[in-house]
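Before any comments, here is the structure.
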Amino acid sequence: MIKIKGLSKSFHNNTIFSDLNLEIAAGEIVAIIGPSGAGKSTLLRCLNLLETPDQGSIEFNQVAYQAGAKISQTQLTKFRQQTTMVFQQFNLFRQKTVLENVLEGLLVVKKLSRSEAEKIALEKLTLVGLVDHADYYPGQLSGGQKQRVGIARALAMNSSTLLLDEPTSALDSELVGEVLATLRQVVLQNPNQTVVLISHELAFVQQVATRVLFFDQGGILEEGTPEQIFKNPKNERTQQFLSRFNQQVFS
Amino acid sequence: ATTVTVGTSGQPKPYTYVDDTNKLTGYDIEVLRAIDKITPAYKFNYKKAEITAVLGGVDSGRYQIGANNFGWNPQRAKKYTYSNPIFDDSYAIVVRKGNNSIKSLADIGGHSIASQTGVNFTLAIENYNKAHPKNQAKLTYTSSEVPKVLQDVQTGKYDFALLDAPLYKNINQQYKFTDLKMVVLKKSDVKKIGVPHSYFLTAKDAQGKKINQALNRGLAKLEKNGTLKKISKKFFGADYSPKSE
Amino acid sequence: MAKVFDPQLVLRDIPKLLAYLPETLLITIISLVIGLILGLGIAMVKIHRVPVLDRLLAIFVSFTRGTPILVQLYVTYYGIPIVLQYANYYWGTHLNVNNVPGLLFVLVTFSLNEAAYNSENIRGALQAVDAGEIEAATALGETQWQILRRIIVPEAFVIALPTLGNALISLMKNTSLAFVASVVEMTARGQIIAGNDYRYFEVYLALAIIYWGLTIITEQLIRLVEKRITRFQQQQAPQPAKKVNFNLLKHPASVVKRGETLD
Amino acid sequence: MAKVFDPQLVLRDIPKLLAYLPETLLITIISLVIGLILGLGIAMVKIHRVPVLDRLLAIFVSFTRGTPILVQLYVTYYGIPIVLQYANYYWGTHLNVNNVPGLLFVLVTFSLNEAAYNSENIRGALQAVDAGEIEAATALGETQWQILRRIIVPEAFVIALPTLGNALISLMKNTSLAFVASVVEMTARGQIIAGNDYRYFEVYLALAIIYWGLTIITEQLIRLVEKRITRFQQQQAPQPAKKVNFNLLKHPASVVKRGETLD
Amino acid sequence: MIKIKGLSKSFHNNTIFSDLNLEIAAGEIVAIIGPSGAGKSTLLRCLNLLETPDQGSIEFNQVAYQAGAKISQTQLTKFRQQTTMVFQQFNLFRQKTVLENVLEGLLVVKKLSRSEAEKIALEKLTLVGLVDHADYYPGQLSGGQKQRVGIARALAMNSSTLLLDEPTSALDSELVGEVLATLRQVVLQNPNQTVVLISHELAFVQQVATRVLFFDQGGILEEGTPEQIFKNPKNERTQQFLSRFNQQVFS
């Protein structure tokens, strides 16, 4: 359960969004779509405080963050553990092996014992089909494999919410399928995993999302089930946006 | 006893050097050791440093005594307190064998020489050149060591070198310059170069003066009991110890 | 002919000089370590633009890079006592650094010099660390300090190493100036030996051989370290035997309901 | 109290020392230019793996990087005459370097030193030049020499400049060692001054100020050059007013027959 | 008119193709398609001697090259002037402005006067729609604009044959259209311009090529008009290759 209340964010007088309210129930798979520069990434990055919101509050089941209020390192860590993120550019630790990448958070942040941590890490690597590659370095993997390690690293933290910011847009089209398949599998296997996803892969969004938000002009212009949004968009800008997309994808 | 630090560069031999057994020794050093023995108020402690650093060290109070075959000149006298003479020096011109054109300081005009900075010989050449603007010696400043300068005289790069006679004898023991000869300067020439003595230097402050007095008392005793002469014989094979008038 | 050059002496001098190798290495290693730590500090101050300190350190770095290290040795070793002498004279204090060994001044000077030279290099390396990895560690919940220690420093080290290696070699050769501050290391020892036998050229040749050897050894060590810490780049891992291929999306028909397991 | 430090002397010394600035600059600039040209040559030999020469130059570079420059000065200034003396003695030749001024030895030593230090840097820069651009120029029909001059060298210069700048500053400070070969530049002049008045500390301070100033000026010059030659990177050109958009392919209907003109 | 006779090329015992024969008439637009690693690029690069063939000869109207025979710099330049190349990675001279890029060959290789060269360069830049950008540096251009400069640079040399090695594959899909349109225009406007083109843009190939070569396993397996090759491939490997392509493009 995520509750976002009155959230505002601007960069030097450039307001990205303001007074944004959003509730996401546990187990929802929320896809955010919208034009480039709308602020989708910024919103997502506010959820784990990679960007500091100017105003408003973000509440997870267990912990809350209030913009402007002081927050201790312990609280911050606790807040950040509510979410894990899979990055567009993978952002694997290049000096660490695949296994060490997945272990990192478990050992350093969760402070698990080595054996516990390894058990979890290998489990997640098995899930994404890379347990054979545990001793590879990121530089020795394909883009699709890298992103699957990113997913394993995120899953290992076992946080309630998974944040995905265009997890396939840095991949060649050949590798996109590989990663989307993994994601699909993860999502389908874990009914309680909340997911907030930004993606241009509308086909994918259509298949996995339980709710779609169309984000533009500093706010959520329209929301609904994939069915509603893709087949029957009400807002004119949504229509426009989707028509352009449909052209691009199906041309 | 108060500990007093002596600064020395460990060269030139035989005034100050480290011998084959890795022991600091030399004429200046052994004289100081002898003074130390008969001066209960002080205890000397020896430190080696690069030559300019020895002077800088006395300036800054790091060393209380400088012992490095220091000669006398007015500029230096402004900065440091001089002890009584510790050594009766003798100066020499070194030329190639067969070169009979330089026999005294008066002959150096038109001839070339390389000389180090901060030594009396260089000042003497500068003074000569000031006095004989039409017939100057060709002075090249250098930071090369003396043996190199002597080698350059031997190969003809420079016409002559000016240095302490005892030093030349020592260097020649090592290099055996077959093509060089030494012309020992007459007393009159020696006076032009400077006071032909070397000294210990101390700082120009109250403490420096006190140490200086102790050094002078010690020197007087050593002269009287013949120790100075003995040390000189040991390092130079001859008596260069100063005789008080 | 006069014996202007005696190659035997070169051989004789080498072991005599090597007896002072520990001093050379001591100065080099201690200055290197302190220099790296201080350099990292300076780099951090620069990156975070700490007010005032930032400007002061910029002047310090500029001075250190802009003046010969010989002059820096003079300024610390002779300048500090002079300042104290004046202080004692005018304010009646009794400060005295004469009992502080010259080695300490040498170490301070070389460490500061090393810090100044490395700070720019370290700053560059720190800033070249992939921002994405820092974000990833942040998102995992690591603290700033953990990120610095676990992610930033190891990566920056890889980037900075070649330049640090060059600085180390320069440092090693510069230790030959320590004699100015009464510290006897190999070069000073060489001058003292030559002071005894007047054989300057032979000693300098012997020193050249030793320094050259040291440099070659150091370069090899650096190469070893480099090889170790860049394992992640070099090693061409065997290509995976079977290519994992989740062919799910290719067949949109095979939609699986949530909660079901695949495979 | 004795005047252990006289700031007035520092001020008096500065102009005296600056009178010898031309010598310092002369040595620096000539060594820099020759060093760059030789360095480029060494780099080319390394890149093309010229047999034998390649190995010899590697030893030369290793020696030069591995030994203090002071020692290198000794080796050329002391060693060459000794070698000739022996040659003359044993083979009855009449080689003589007495009329060769010390400055030449200094220039040779510094140029070679600079060449050795820069060769690695230049090699790295040459190899970092975009292979694609070289191919493009080749495909246009440019000769190897034209490509080197027009494409490779300008690009490599941009890459190498920061390191070359540092080498230049080191070189400038190292010229202070030229006195070993009896060449009087600023530092030597300083020692001569101090040899007269025994005010070593003041002279060294004056030298520090001058070298610092020189370094700052050099750094600024390098920055200027850098700015000029990296125009192509920095300048954020105004975004084009209208975006050109040939929308031809979007409408496959509008197929035009060959030979027809569009627009 | 290009005549390739008995051309062979291998890299350290790895034979890429051998005894290849091919004739291309003036004005033809020949597209080479085939799987990755087949040797398409190597063949194209042999045509301007960026790769040195091991055996065989290449003959243009004016000049010929015989593998193994000595060739002077003048002859080499003359041979290279028969073709110009547009590169996949653009390979613009980054330190030179757009105009200087186009001028380079004219001034240095053709040794035209500055004014003549500028006239030609501006003409070609106008053709590709970038005359406004003459003073830009490559770093200030989009990928599509860069490639159009590459085309202008090639056209300016006015050589009989234009070599294109996947001129759009380094571009975002948005920019591909821009470059293909330019190419199409160039090709259509110059009926005598011979073009040898490697491209994965089969739609484009279909539209502009006069002949298509399917290259694989060290040789030309099949050739024909686009119609023949795309609609009615005879060789089994061609069929296989095109089916995969069609899937990718139209999915």
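Note that the chains take the letters A, B, C, D and E in the order they are written out, and that residue 1 is the start of every chain.
Definition applied: contacts are C-beta pairs under 8 Å (C-beta built on N, C-alpha and C of every residue); 3 or more make two chains touch, one makes a residue touch a chain.
Because the structure is predicted, anything quoted here is derived from the model rather than measured.
J.: Quick check on the contact graph: shortest path length from subunit A to subunit B, in steps?
T.: Counted as steps through touching chains, the separation is 2.
J.: Which neighbours does subunit B have in common with subunit C?
T.: Both subunit B and subunit C are touched by D, going by the contact rule given at the top.
J.: Farthest from subunit A by Cα centre, which chain is it? Let me know.
T.: B
J.: Averaging only over C-alpha atoms, locate the centres of subunit D and subunit E and give their separation in whole Å.
T.: The computed centroid separation for subunit D versus subunit E comes out at 42 Å.
J.: Quick one: subunit B and subunit D, Cα centre-to-centre, how many Å?
T.: Chain centres of subunit B and subunit D, defined by C-alpha means, are spaced 42 Å apart.
J.: When the C-alpha atoms of subunit C and subunit D are each averaged to a single point, how far apart are the two points in Å?
T.: About 23 Å separates the centre of subunit C from that of subunit D.
J.: What residues in subunit E touch two or more of the other chains?
T.: none
J.: Two or more other chains touching the same residue: where does that happen in subunit C?
T.: Within subunit C, the residues that touch at least two other chains are 1, 4, 74, 78-79, 82, 85, 200-201.
J.: Residues touching two or more other chains, restricted to subunit B: which are they?
T.: 52, 56, 59-61, 148, 151
J.: Can you list the subunit C residues touching subunit A in their complex?
T.: Going by the criterion above, the answer is residues 130, 132-133, 135-143, 146, 150-151, 154-155, 158, 229, 231-233, 235-237, 240-241, 244-250, 252, 255-262.
J.: Could you pull out which subunit C residues touch subunit B in their complex?
T.: The contact residues of subunit C facing subunit B are 1-4, 74, 77-79, 81-82, 85, 98, 102, 179-182, 184, 188, 191-201.
J.: Can you name the residues of subunit A that touch subunit C in the complex?
T.: 48, 50, 73, 76-78, 80-81, 83-85, 87, 89-97, 104-105, 108-109, 129-130, 132-133, 135-140, 153, 157, 177-178, 180-182, 184-185, 187-189, 191, 203-204, 207
J.: Name, in rising order, each residue of subunit B that touches subunit C in their complex.
T.: Residues of subunit B touching subunit C: 5, 7, 9-13, 16-20, 47-50, 52-53, 56-57, 59-62, 145-148, 151, 154, 170-171, 174-179.
J.: Write out the stretch or stretches of subunit B touching subunit D in their complex.
T.: So the residues of subunit B touching subunit D come out as 52, 55-56, 59-61, 75-76, 79-80, 114, 116-119, 122-123, 140-144, 148, 151-152, 155-157, 203-205.
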